[in-house]
Every structure is written in C-alpha cells, then in structure tokens.
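In what follows, chain A forms one complex with chain B and a second complex with chain C.
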Partner chain A sequence: MDTIKLTPASGNFVQTVQEKSRSDLSRCWHCLCCSGGCPFAKDMDFLPNVIIRMVQMGLKEKVLTSSAIWLCVGCNTCSMECPNAVDMAAMMDTLRRMAIEEKVKIAEPAVLSFHQKVIDSISRYGRTHKLEIMMRYKLSEKDFFSDMDLGLRMLSRRKLDLMPSKVKNKQQIQALFKLAEDLS
Partner chain B sequence: MTFSHKELNYFPGCSLATTAKENNASLKHFLEQFDIRLTEIPDWNCCGSSSTHSIDSGLALALPPAICFWPRLTSRC
Partner chain C sequence: MIACPGCHLRLGDAKWTLNTNQTKRNKVEKHFGQPFHSDLQLLHFFELLADMSRSGFFKDLPGRLKGLKIASYYGCMLARPPRLNKMPNHYGLIEKTMTALGGDPVQWGFSNTCCGTFLSVSRPLIASNLVNRIMKAAIRSGAECIVTACAMCHLNLEIRCASENRIPVFHFSEILSLARDGKPSREWLNRHLIDPTPVLKARWQV
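Presenting the complex of A and B:
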C-alpha cells in the first residue's frame, strides 16, 4: 500500500483549488451523493469524492494525472446533488485547467484533443460545426472506423450539416477570443 | 390563454440547429398554438458548450454574454 506523506506544503494545493473553483472543499463529508449520481463514475479511476479527499491531502500529481478529471463531462449532477453545496463540477474544471497549465501528463489526451477541436471550430466559424469537429478528431486520433455506423445514421437523419453555419461578423469572434485571453 | 408578448427573440444554439432540430421544430410548433412567434437573435455565436469551461475559463466567460449584449451594442435587436 502507498504511504501518503503529509507535509505543510501539501496544504497549498487544496487552497489553490478552492480559490480557483470558488468552492469550499472542507464542507465535503463524503456521503458519496456526487459519486452515486455521476454517470461516468464507473469509468473513473478515482470517484469524485475521492478526488476531493486527494486534493485535501495535497496529492497534486496523482490528481492532475488522473483520468477522472478528464472523464468528467461537466453535467453538474454532482454539484446539484451535494447536500453541502460543494461545487464539484467547478473543482473538476479547475483541475483540468491546472493539469494543462502545469504541463503534466494528460491521462486522457483524446478528451483534451476533442475539446480543442470544438474551440478551433468556434474560432473559425463562431459556431460549432459538428461534422468537421468529428472528422478532425478522427484524423488526429487516427481512429477512422469506430462509431462509423452512428455517424452515417446521424447523417442520414440530417442531424449533421455538411456545411458550417457561420457568424457573419468575424471581427466579433476575434474580439471575443482576444477578450478571453485577457480574462484567463 | 393569452400572453402579452407575441414575438420573442431567442438563442437556438449550435445543437438546436442540427442534432436537436426536432426540439426546435416542436418548440416553434408549440408556441404557434399561442400565436407566439420566435425570432433568432441576429448573428448569434456559440455559447462555448462544455469544451470551453473545461479547458479555457476566459472563453467560457466571454462567449455567452456576447450573445445577449452584442446585438444590443450594435443595435440590431
């Protein structure tokens, strides 16, 4: 079994996460409401409440390299079900951004790549073009044939537009991306 | 049932235009029963969806307000 060494420096991590996510993690009493309601908990390496405990113990590297933070889709079920109003979803957002900032090894690079493709699409058109996002994602992951049947069914039901829907005022989008840089 | 507003501006979002277009159709049809007409906000942009708040807090903050305020600022709404 791993031994966890708690040092005074371990406390910095939980403080940073709390400040960035504007959430008080010390209110968590591990009732498992969040983990019980999470639709992705069964695929995670650590349950959401375990992530809270690990953050409290200052296990920065373990948390930031976990797959759990990337498998979270941000549906906010955990935050809604928490009886103590701990904003877990905001914590997960914070941990993902910290993992990127700290340049640690990303446990689920495909998820990050997908998010990046969505943002690229917004920067190009101002809106998301789903077919293109899917194609670019498949190309970058070199995974051409999985979910092919699903994609074709969506196409046949006209759920995927062939051409992107674009924002007319391109400068507006550029201005927003510039503003976003200043904000973050 | 009558409503004081007969014409509403709305933001459909990227999904309502494509993958969830049946929801858009049913919403429009439902409101037609009350003589309410929906008009898309001019030149709306994507709200950022879950991808922006996952990895870019600035974009998550910048995109959604723009949908509400930009049409007003440019007095097209």
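Presenting the complex of A and C:
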C-alpha cells in the first residue's frame, strides 16, 4: 500500500477546488451513495467519493490525470443520492478545467477532443452540425471505420444533415462566447 | 416554455446565477442592453401537459393511445445540482400525461438512469452497456415502447442498443401528434433507426 505524506501544503488543493466549484467537500462522510448511484462508477479508475478524498489529501496529480474526471458526464445523479448536498458535478467540472489549464496528461483524450469539436461547431455556425463534428472527431482520433454503417444508416434516415444549419448573425455568437469567458 | 430537459436545467442555472451574483448580472444586462426579470418563470413543456391532463383537455382526442404500454424515460431530467433543489420536480409528469392521452405507463427501474450522453461517441462501449441495461429493463417491464423528453436520450437509446434489445423509442412530441389525430406521420417514422411500425400497426393505420 502507498503511503501518503501530508504536508501543510496538501490543503491548498482542496481549498482551490472548493472555491472554484463552490462546493463544501468537508461535508462528505464517504457513505458511497454517490458512487453507488453513478452510472459510470464502474468504468472509472477511482470512485467519485474517492476522488473527493484524494482532493482532500492534496493528491493533485493523481486526481487531474484520472479517467474518473472525464468519464463523469455531469448528470447530477449523485447529487440526488447525496445526503449532504455535495455538488459532485461542479467539483468534477472544476477538476477538468484545472487539468486543461495545468496541461497535465489527459486520461481520456477522446472525450476532450469530442467536446472541443462540438464547441468549435457552435462557434462556427451558432449551432451543432453533427455530421461535420463526427467527421472532424474521427479524423483527429484517426478512427475512420467504427460506426461507419451507423453513420450511413443515420444519413439515409435523415437523422444527420449534410449541410449545416447556420445562425445568421455570427457576430452575436462570437460575442456570446466572449461574454461566457468573461463570466467564468 | 422549454421542451428540452438539458436546456431547462441550464436556463434554471443561469437564472439562479443572475439572481445570486450581482457582478455577473450587471455584465449580462450590459451585454443585452436590458434588465433581467428575476421572477421570470421557466416552465417545462411537461408541466403544461400535466396541467392540461388534469383539466381533462385530452379526453376526447381522436387518436387516444388505446392502452399503448409505455416506459416513461426521464434519463437525467429529474436530477439537478444541490443549489437548484428548489426547482419544481418533474417526477411523474410523463406518466401522468401518457395516462391522460390514453396510454398505459409501466413501472420500471431504469426510468432515471442517464443515457450516457457524449460517451456514446467517445466511449461507445460504456454507453452501449448502459443503454442495453435500460432497454432490457423496459422490455422486462412489458413496455411496448419508450417515451422520452430528450432528443439526446432518444438518439443514444436508438443507436447504442443491440438488435436483441429493441423496442421503439419515441420523442414525446411524436406521441402527442399521434394522440391528436391518430395518424402517425410517415415522415417522422422513417427517421427512426428502430422501426416503430410493427408496434403502431397493432392499433393504428400506418
């Protein structure tokens, strides 16, 4: 078993995470209700409540490079189970932002890449153009063949549109992106 | 009025932020050049439908659902972060509406299990495991179809379920239009990846 050395500086990490996510992690009593309810817990390297504990112990690198923070989809199921109103989804969101800002190794690059393609599409058209998102995502992941038949079936059933539907006033969209940045 | 559960949650969150953070509120008001109405009400479409159900509005619709067995699927629509736990809860609204429309909602265990959202693209195996558990549970409960309020759920359930676990998935707007005049729209049925025709044929002219 690994020994964890706690120093006075270990507390900095939890403080930052709590401030940024506006969630009081000291309320957590590790009852595991969140992890029991989370539909993705079994695919994560650390259970959601374990991530809280690791944050409290200052294990910054381990947390920011974990797959758990990227497999969390922010569905808030855990918050419905938590007896102490811990805002798990907000904490996970903060950890993802920190992982990007601190340029650590991202455990689930495909997840981040897909998010970026969606945001790019919205900034380009003001809406999502699903076909283009998927093509760009597949290109960046160098994964050309999985789901090919699915894509074709979706096209033929008109579930995917060939051409993007665009918002007329692009400047407004860009201004909204700027505003969102300013607010965050 | 909002039809998408995701939008409903995000707008609820934005409203909460604007009501609790004056600095952000000032910036947003400046950006849009108008004041924010703090008592603005956000109504989910299903709240209106449930109200209409109570007042008997759907009693005489020509296309009433003839006891169609429906698994109401909320996905993450009922969950919200702790700061928003005062928002009205939507639990049971789909069942109430489907009953008022003449359908027969079943009881089942997976009505509020998340569909996997974007993991359907970046980690398809995780999503398909989850979707198959959801679909199997719906079939076990005796449902003939699933009804959802979310376009994303609709897509994931259709594209990630294995061929042996298939029952049709409807967006609630399709069910509403069916109940209104009893004429399933070919144009919309054709867009389904799981063909709903066999289920509909038993009761309607398709």
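The criterion applied here is as follows: the second predicted complex is superposed on the first by the 183 of 184 C-alpha atoms of A that agree within 3 Å, B and C clash if a C-alpha of one lies under 4 Å from a C-alpha of the other, contacts with A are read in each partner's own complex, and residues count from 1 in each chain.
Rule of thumb we're sticking to: contacts are C-beta pairs under 8 Å (C-beta built on N, C-alpha and C of every residue); 3 or more make two chains touch, one makes a residue touch a chain.
Because the structure is predicted, anything quoted here is derived from the model rather than measured.
In the superposed model, A:115 makes contact with both chain B and chain C. Of the two partner chains, neither chain B nor chain C is touched by A:4.
When the two complexes are overlaid on their common chain A, residue A:158 makes contact with chain B and with chain C alike.
Look at A:127: by the touch rule set out above, it reaches chain B but stays clear of chain C. Residue contacts after overlaying the shared chain place A:146 against chain C, while chain B stays out of touching range. Once chain A of one complex is fitted onto chain A of the other, the partner contacts of A:137 are limited to chain C, with no touch recorded for chain B. Of the two partner chains placed by the overlay, chain B and chain C both lie in contact with A:183. In the superposed model, A:40 makes contact with chain C only, not with chain B. After overlaying the two complexes on the shared chain, residue contacts for A:80 are found with chain C alone; chain B is out of touch.
In the superposition on chain A, the residues of chain A touched by chain B in one structure and by chain C in the other are 73, 114-115, 118, 154, 158-159, 179, 182-183.
Chain contact summary for the complex, chain C toward chain A: residues 24, 27-28, 31, 75-76, 78-83, 85, 112-114, 116-119, 121-124, 126, 130, 155, 159, 190-193.
Against chain A, the residues of chain B that register as touching in their complex are 14, 17-19, 21, 43-46, 48-59, 61-63, 66, 70, 74.
The part of chain A that touches chain B in the complex is made up of residues 73-74, 93, 96-97, 100, 112, 114-116, 118-119, 122, 126-128, 130, 154, 158-161, 165, 167-169, 172-173, 176-177, 179-184. Remark: chain A residues 22, 39-40, 43, 71, 73, 75-77, 79-80, 82, 85-87, 89-90, 108, 110-111, 113-115, 118, 134, 137, 146-147, 150, 153-154, 157-159, 175, 179, 182-183 touch chain C in the complex.
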